[in-house]
Amino acid sequence: MKPKKLPGYLSPAEHGWFYLFRFYGIVVLFFLVVPLLVIIPLSFNATPYFTFTKGMLELQPSAYSLQWYANFFTDPQWLLALKNSFIVAPVATLIATVLGTLAALGLTRPGMPFKTLITSLLVLPMIVPLIITATALFFYFSYLHIVDSYVGVIIAHAILGTPFVVITVTATLEGLSPQYYRAALSLGASPRTAFFKVVMPLVLPGIISGALFAFMTSFDEVVIVLFIAGPDQKTLPLQMWTNLRYTIDPTILAVASLILLLAVVLLGSLELFRRRSEKIRGVSG
Amino acid sequence: MTKDPEDRSTGVSRRELLALGGATAGVVSLSSLATLIGAKRAAAAGVDKLNLVSWGGAYQTSQIEAYQKPYTDKYKVGFNNIEKSGNGPALLTAQEQSGNISWDIVDMLQADANRLYEQGMLEEIVWNTDLDKGSDGKPAWEDFTKGSLSGGDDKSGGFVSTISYNTMFGYNKEAFPNGAPQTIKDVYDFEKFPGKRGLEKIPAGNLEWALYADGVDKDKIYDVLATPEGVDKAFKKLDEMKPHAVWWSQGAQPPQMLAQKEVTIASAYNGRIFNAIASDNQPFGFIWDGGLYEWDGWVIPAGLPKDRLEEAKRFLRFSTTTQALIDQAKYIAYSPARQSSFAQMGDLTFSKNDKIKMMDYMPTSPDHLKSSIAKSASFWSNYGPQLSERFSSWLAS
Amino acid sequence: MCADVTAATGGPAEAGSSSLKARLRKAEAKKRRGAFMLTLPLLIFVTVMFLVPLVGMIWLSVANTTIPEYMPKTVSALSTWDGKELPPEKAYAAVAEDLQAAFKVRKFGVIAKNLNEQMPGTLGLINKTSFRTGRLKTAPANWKDELTKIDKKWGEMPIWTLLKRQSASWTPDYYLAAVDMERGPDGSIQAVPPYQRIYVKLFIRTAWMSTLITVLTLLLGYPLAYWISRMPDNKANLMMIAVLLPFWTSLLVRITSWIVLLQSHGVVNSILVGSGAVSDANRPQLINNELGTIIVMTQVLLPFMVLPLYSTMKSIPDSYMRAAISMGAHPWRAFWRVFAPLTVSGIGAGVLLVFILSIGYYITPELVGGQSGQFISNRIAYNVQQSLNWGLAAALGTILTAVTLILFLLYGMITGKGKVTIG
């Protein structure tokens, strides 16, 4: 890292402070990121232990193996969990995105009645602790007889995802000047054309980031699944939970590394969408 | 694109509504379609797959080898093995309260099974018609060891034992090169035998051992534990254990804890220690003193649909024959519940090593019975819920 | 919503006139309706699938349906009983008939479980009485004598007081239990025996550990946010991605990595032992206790502190500090007197956000907290899944929800206009 040029009026003690301060910042960043990175090399461990073996530190090829990855892709329990996660998360995301986008379009219209009250109600699922949502839904779904079903899990995850969509899309729409739309109309576009050709491309990044948030929420959710899913709806986080709780085997390190990779890809694409959205709107950033 | 005749201020909203509304309708119909498919599959699954709940690890493996594989070969019915017996009674009650029973056959402890049967949560099993005769021709009620069929009376009930097992302490020999622990008192001696203790996260066992270690006579333990003072005394002794304890909740955990030296002594099911020694060559030893033996076996939840109930009952019958119980004893050191099975296993050897005679490791072999404590199912049926409540408060405080 | 409908149809006074004002109002109403219709699908979805369950949970925390449902005769027989002395024969007969009926459908265990939650020891009494009465071929001449013969507890007041109390279709008892109180045998409110006192302790523990975690995230997050906020934009963005990476990564992945690091034979302990800092026998216990919960939750919640701090600090121009310094203030003084006060709203938002999230945490304490690092959430889960005391779980849940919502209102006031933002 290149040292930032310090203003000349600072005394040597203040220089010392500056570097100490920077060191502190780096330590905190380490605390945030490094624990995550530790699992990646360990996931290639040839022994079933959670620590670096001597061979690994000496970089002997025999100390490394892909067996835990192979295990993940062959164990029926893990595969079932993977399959379920890819059934539940996309469907829940789709429902959350459609309903959330509609609501955001309404909320940002001039003349929306009870705006604050309705907004608060709609973001409530994000605020109430998950354990409460899980408990309440468990009681309710028991009553409706939809515990241990895909429908129950999907509904619950869609509920959790909607606040994210509402918030990101509302924020995008509020940042959008109505003049674009009016300009398009005044230049002769039909409202339909104006909406789909002008407004939509501007809002799309917001919708997509909301959808990504919703997807990640569902993909990572374990508390609700723990309460309302049956053995057939076991998702990836639930399988990880079981693994962590009872019989830890290093397959979970391979899974964790893969999920980490997915997070990096998603975060990267989100950043791209943010940049694209700013570019379209002519905001430099 | 056609020209839009509608009022400009609402035209867009109609369009949006139409487009997004269409999408919603699509999603709804898709998900309902998925549900329909799911429901159809679930209905079919009742016959081609049984949801079997057990304790995991070496024990569930023994059930897979001895019962499930032959059953699948014979009837083409597969199994979904769920490792949740540790929390079985509670989860089953929750399923019953929510009206959605997803388990077909459950491996359970006797005390819990008796209590659940009283609450109407288990299917009634008629001993002499739902279970096969012994290989010597005796009807089931006479062939099963006295007390191993329970819940109701001499005609029917809810609980069919398959095995009796011991919950006892095991230790890692490498941790104690200068003399191994021999008794429950040694387990409580943290100076002489340093290291953490692995204990099951339930009151049963821990309270008995606390009293035993405190000097209460083996035969008097349940009398003392039935009094409030006795319970206080047991918890007081357990306080000594608390800072040294690592709690486990699944039978597969203690051998793992011992192997990784996370603990030096752990309570465990005798079969798990046996398997760690016999098939994984772990340097473990047994402390037979104070081992608690009890019955364990099958129950069928009440309220299953007819097809699943019949399948579960057929499996129950299949997995409790004289031969099935002998077969299981090849894989794990638990005593079969049928006398006709026990009588035939004098020379039975371990499935993976024919030098190991299973009889030497059976919890109900005459030698081991002398040093063991008979766990009282009736005591735990009556006092279990209160003591569990108090135990969990004690743990969390 | 009703107001909206009236506005849309228009008042009777304007109905006849077609003045410009009325037309405008009509257009306005149409607009409002259009906007509302767009939010309606989600509003319905959230109401039916979220608000209704929440209200259901609150109802469950006071509901008391078991005895009215399974012992209807007893309930009606006791409705006229004054509770001063033992009830009349007809109450004994009612109990016996209810239990006989419950025995037939094998539901007496449900009654026993419900009563036993209120008065330990009742389980045996109900089971025994059900078995004995259920097997009687003919009704005895006097049920009172018969029941008292089965168990002398039927000849004493406590069980009757309990039955009378449980006859009501709602009860405050779960809330009493949630604060370690109970009804005594005579129905008066008293504290539970010391060994059962757990909930007050857990509420306090949840609060103080959350406070500690909040303070830790502030101590770690404030300098970091300051540092990043003073960086050039492109570098700051990169740093923020590093901050956000853990925020985006699955909670279970993060917990996995901490378990790998901190367990007794994990990476940290291996390094400590390998470097000779500690002996093999004295590996420090870093996980499965309070320490584990604190370390992991601090890391997990840190981004929620850094984000609001960063966005507040970002909006403070460098020139403020420079101006203060150029006017002769010492940089420290400039920082404390000029910069820090401007970040108060960011601190408030971050502190509240982390605290709110923290008090509701369940997964982390459950997996890395051992016994001493458990929160109130873990006890809610225990009551739902293991002890099956759903009423108590609902009462605890209602209390936790209320606390969270109040704190969130406060958060809304600090961040302004009740707006919620993420990322």
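So that you can tell them apart, the chains are marked A, B and C in the order they are listed, and the count of residues begins at 1 in each.
The working rule: a contact is a pair of C-beta atoms (placed from the backbone, for glycine too) under 8 Å apart; a residue touches a chain by one contact, two chains touch by 3 or more.
Everything quoted here is computed from the prediction, not taken from an experiment.
If each chain is reduced to the average of its C-alpha atoms, the one that sits nearest the average of all protein C-alpha atoms is C. Distances between chain centres, each the mean of the C-alpha atoms, put B farthest from subunit A. Centroid to centroid, with C-alpha atoms defining each point, subunit A and subunit C lie 23 Å apart. Distance between subunit B and subunit C, defined via averaged C-alpha coordinates, is recorded as 31 Å.
Centre-to-centre spacing of subunit A and subunit B amounts to 37 Å, using the average Cα coordinate of each chain.
In subunit A, the residues touching two or more other chains are 49, 99, 102, 105, 109, 138, 143, 245, 248. Those residues of subunit B in touch with two or more other chains are numbered 13, 16-17, 24, 94, 97, 260. Under the contact definition stated at the top, the residues of subunit C that touch 2 or more other chains are 31, 34-35, 37-38, 41, 263, 265, 384-385, 390.
In the complex of the two chains, the subunit B residues touching subunit C come out as 9-10, 13, 16-17, 24, 87, 90-91, 93-94, 97, 115-121, 194, 232, 235, 246-247, 260-262, 382, 385-386, 388-390, 392-397. On the subunit C side of its complex with subunit A, the touching residues are 1, 3-4, 28, 31-32, 34-43, 45-47, 49-54, 56-57, 60, 220-221, 223-224, 227-228, 231, 233, 237, 239, 241-246, 248-261, 263, 265-267, 270, 299, 302-303, 322, 325, 331, 356, 359-363, 366-367, 377, 380-381, 384-385, 390, 393-394, 397, 400-401, 404-405, 408, 417-418, 420-423. Touching subunit B in their complex are the following residues of subunit A: 49, 87, 91, 94-95, 98-99, 101-102, 105, 109, 138, 141-143, 145, 147-151, 154, 185, 190-195, 230-232, 245-248.
On subunit B, the positions that touch subunit A within their shared complex are 1, 3-4, 6, 8, 11-13, 15-17, 20, 23-24, 27, 30-31, 34-35, 38, 42, 51, 56-57, 80, 82-83, 94, 97-100, 102, 249-250, 252-253, 256, 260. Only residues 27, 30-31, 34-35, 37-38, 41, 105-110, 112-113, 116, 120-121, 123-124, 127, 195-198, 201-202, 263-265, 281, 288, 370-371, 374, 378-379, 382, 384-388, 390 of subunit C touch subunit B when the two sit together in their complex.
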